[in-house]
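The chains carry the letters A, B and C, assigned in the order they are written, with residues numbered from 1 in each.
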Amino acid sequence: MALLLDELRSADGAAEAGAQAWRLAEAMYPLCRSLTGAGVRATLDLIETQGGLPLQRTEVPSGTPVHDWEVPLEWNVRDAWIADAAGRRVVDFRAHNLHLMSYSVPVRRQMTLEELQPHLHSLPDRPDDIPYRTSYYREHWAFCLRHRDRERLGPGPYEVVVDSTLAPGHLTLAEFVVPGQSDDEILVHTHVCHPSLANDNLAGIAVAVELARALGRSRPRHTWRFIFAPGTIGSLTWLALRPQVLPRVRAGLVLGLLGDGAPLQYKRSRRGDTLTDRAAAHVLAGIEGARLLDFEPYGYDERQYGSPGFDLPVGRLTRSVNGGYPEYHCSADDMTLLRPQALAGALQALARLAQVLDGNRRLLNLSPFGEPRLGRRGLYRSTGGHAPGAFEHALLWVLSQSDGAHDLLAIAERARLPFEAIEAAAEALQQAGLLRDLAPDEPAPAFTIPGSQTPKGTPT
Amino acid sequence: MALLLDELRSADGAAEAGAQAWRLAEAMYPLCRSLTGAGVRATLDLIETQGGLPLQRTEVPSGTPVHDWEVPLEWNVRDAWIADAAGRRVVDFRAHNLHLMSYSVPVRRQMTLEELQPHLHSLPDRPDDIPYRTSYYREHWAFCLRHRDRERLGPGPYEVVVDSTLAPGHLTLAEFVVPGQSDDEILVHTHVCHPSLANDNLAGIAVAVELARALGRSRPRHTWRFIFAPGTIGSLTWLALRPQVLPRVRAGLVLGLLGDGAPLQYKRSRRGDTLTDRAAAHVLAGIEGARLLDFEPYGYDERQYGSPGFDLPVGRLTRSVNGGYPEYHCSADDMTLLRPQALAGALQALARLAQVLDGNRRLLNLSPFGEPRLGRRGLYRSTGGHAPGAFEHALLWVLSQSDGAHDLLAIAERARLPFEAIEAAAEALQQAGLLRDLAPDEPAPAFTIPGSQTPKGTPT
Amino acid sequence: MALLLDELRSADGAAEAGAQAWRLAEAMYPLCRSLTGAGVRATLDLIETQGGLPLQRTEVPSGTPVHDWEVPLEWNVRDAWIADAAGRRVVDFRAHNLHLMSYSVPVRRQMTLEELQPHLHSLPDRPDDIPYRTSYYREHWAFCLRHRDRERLGPGPYEVVVDSTLAPGHLTLAEFVVPGQSDDEILVHTHVCHPSLANDNLAGIAVAVELARALGRSRPRHTWRFIFAPGTIGSLTWLALRPQVLPRVRAGLVLGLLGDGAPLQYKRSRRGDTLTDRAAAHVLAGIEGARLLDFEPYGYDERQYGSPGFDLPVGRLTRSVNGGYPEYHCSADDMTLLRPQALAGALQALARLAQVLDGNRRLLNLSPFGEPRLGRRGLYRSTGGHAPGAFEHALLWVLSQSDGAHDLLAIAERARLPFEAIEAAAEALQQAGLLRDLAPDEPAPAFTIPGSQTPKGTPT
């Protein structure tokens, strides 16, 4: 059996992919991303050019209704600063794009420090870091700065300039689809709206790109769809844009925050027992320190996929969680936080997870009355008297449980064997004609004991 | 949101109610209660006069069939004693009403100690206490006395007098009903048949009276019905008397033994997962030392409510359990055992429990496709980038889970938030038009993804 | 209530039966059993003569198809040896029947040691023991010998003789049926194909014989069927032979390996929650050191009963498990390993297990509205005020739970009382007319609260 992403399963292959992901993140880091605008488009360009992943982009006009929301105006920034009387920029968007609150409306004004204070954000607890703030849905402007710098500001007056535009335009999202043998889909989503923040979420973007490229070279059973979109409004827009895809979604993952030193953490989908949840539990059980988290309705875009009207089987894979590391949402979340080997480890886990999500299925035992004779089919040792080996165990488990009520993952869990071993046994049995695939919604036929075949025994 | 019994939730309010309950118990203590008779009626009188609770009484004639039973003859006692040759009363009903076995038939006889012995009950292990004994269903008479006194009895002869009547009459039970917005009912039952025993069950009666009076001043969603009746035959009679109420019972509590120093103990209803059980688990989880007990078919009147033909969602709240404290069913269970602060603590817990039982309901998210925009409805902070607060968490949880499959209590449990926080969030969302109530038996409509609303995105 | 196998429940009775089982095993030990042939028939003869158990035998011709298999050729051995140049037998079937691999085809040849080596099996780790090997389904021959002896063999040449026949004949299986009040059946299966191996499985055979004989003297509720058959092909043949029995099987046990010093181990049936599984959990909970094992699709004939097409409620009772003791499948598994008290302990446990399997049933409370009056039916003490005793507890539990959804075993588990106590209470209540039996598949009628019987109470 050829495994789907064999290259990413090995330490060497994963290390190479991790290094490549790190370099892509580094290239994307300086861009000023937001919900909309040029920064998002430039990021998608880099994914295509440096990342080697061809994207299908969609531009959705401002004002388009998407369920309870609508696509916002497009925001772009040329420049922004606060300058003192000497014309020296004391806060400068060009130095760090976090200095300007995202979606700040244009302003050009002389102000005293006192007038300016309500428009300043800083972190007294982290005086050397610039906080990340947004005001997407209320027209407003503000600057973010290091608390240490803020305390040094004199009474002014200051020249305050936000040279931005907030105007009808588009929201940009992108997809990469790997067609599978089946139309049923597996989603991978990552948010592309954060400016110069490395772990949140250049890490998620870069890992998704590597995974997508590797899957693009393989022949999966399911159709895999990668979605790159701004947070919240991006997933909402995608959900509104692709209603025909939703009933075919079998599993899905939101990726983010995969580059720091924390162990992997999987957050369950809303239902808590979907294929994605079960597969993640199976794979993470084998990874040192990895943890499973219950669903909760805040976090990243799993909130939208898991809203009650959609209720899709979409979980989330991160290392640290949102709000769960000291550098979260401030300028300390930079490229020094991102470790190539953390990205590599995430890719290795995702390769195993992809195998389970893609390969899991139900099979039907075609010879269910007693064990079939495996020996004469070349699947069992001929000399009896000693214990069967691991492959024989896997064969027996697959035969025992393939009644339509158990998929391969359930069999692997009950047998306490790796999914890959169970899947390999299933393929051997299928080749021997002892199993057939059951379609996802196909009811399992009841086994009827063939009474008419009763042999004529001779009572004595 | 106005809480139902706000006054009882505060330490001060509960303390005042606890003190009042203690004084009512003290007034009821001397009366000789039994299954029937004047003592029960006098107790109900005190509930109305001193307790300030107007009661609806029902007198059911002796001989009335109630399911497998029938209402017994009415028993009343004028006097009873054992006097020695000198005419000195060595056992005297007027000194303590426990001296006479409940339902003792009349007798007037000269007897030696030897003849008298089969008619005497005492407790060798507790020589200073008078035991409590009854013979409701076999015509018999007996005296109960301190073992120390029994040992001092000479050979006699004695004059033995039970000046009682056991004759056709009535069984008396009383109800207090607080009409709610809905006809669905919540029951509170307590037994009123025990003579001078303080914790069992003047404590339960007095707490029920305080709770009932407080509820009477409020506007509950459900109709609350308080039942004061003798043990076993009283609940059986009520069950036979009110068949039309039974299908509308949503929850219920038997109250008893709430005045001693033991922590609160809730005994589950027969099914073990009813609303009452879930609410009690939620509330008691926050009370130091409180415990949950499994249902068992002995104890107080929860036995009858939980018999298989009725199978009502009625649990039981006590401190000590029946048989579970040294003073149980003997004269040591007197007013010194009853602590005002224990009664107050029970009332505080019951106020929270009443809030959950009364307020729990299912709501339906009317904007289930993605999160609705809370900001524009004034329910969410406008500046993004930092973590949401507790109220916002509660809003998101209620929206996420209001699909008809989860009631507010289930949401509170999953969110690990107090019921009151979830209910407040639900009311805010309902006022914003984002939720509507689901009737108790209303099936939740399936959410249909609106494919026709697909926005026109422009692929590029 | 008369218990089914009272004689086997006492220590003395079990010890006597254990000693008898040991003597039967000793008599069967020398015989050369295999899948088919004279050894199996001689074993069945001993069960009838020495064991005192009349059997119903069935001879099934070679070639008969049984599901995916067919009945093999019959194998018989007259003699087999390896002799050195001096004519001295260096390996001799007559010395120990394990020396010849089971189902070895005839051979008569001069061979060097080098030519012979591929036909020799020994255990380097256990140099003093002869291994047990079979080649049922590939035509082959081999000798098994002590590794110490193998190392002493010179270069040869050797005369190698297997004087066996492998020819059309029959597979022999035997049944013993105890008719019950009901046609529903409980199966007990044990394999009879192993040659001179004591624990595997003369222990299982001998215990089954004792249990069967004791049951034959009793009047069980269910029909009990004991099956003595060769491993795998024997159970497959029986399953093909008796399709009409299969839908009536309510429970079943495979017995084996019951004679060594290990504690009892019960392996669950495939479904894991069948009556057999629940009964074994109940009984083994009271036996020091006893363990429950999950189902897995290898082991003994429970594999076939539990194959997905049959999925019968058949578990397995052993002490050591297959492969789980050092003497397993080699000549060290001899009569010195078999302890009479181990066989006795197994019989004692089986007597309790049989009581549960046979006696478990659902009953319907005919007086479900409140507790019925037990006192007037002589089932309850007349003087109230103190705690009920164990029998009264059992009565109340049975009444509380006899709604059709709980069988006696479920009631015993919930009440934390022994099954026998619950069954005795049920019989007392049934005699009092308070319960009736529910047939296995009879739906429980819903209890309808009799509203028309409402007594006329007088509101005052």
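We take it that contacts are C-beta pairs under 8 Å (C-beta built on N, C-alpha and C of every residue); 3 or more make two chains touch, one makes a residue touch a chain.
This one's a predicted model, so the numbers in the text were calculated from it and none came from an experiment.
For the two copies, chain B and chain C, the CA superposition rotation is 120 degrees, given to the nearest 5.
In a homomeric contact, the two copies may use the same or different surfaces; for chain A and chain B, under half of the interface residue numbers are shared, pointing to different surfaces.
Separating the centre of chain A from that of chain B, both taken as means of CA atoms, is a distance of 52 Å.
In chain C, no position touches at least two other chains.
Within the complex, the chain A residues that touch chain B are 56-61, 64-69, 71, 101, 131-138, 140, 142, 170, 232, 235-237, 239-241, 243-244, 246, 270, 296-298, 303-304, 306-311, 323, 329.
Those residues of chain B lying in contact with chain A across their complex are 365, 367-373, 375-376, 382-388, 393, 396-397, 399-403, 415, 447, 449-451, 453-460.
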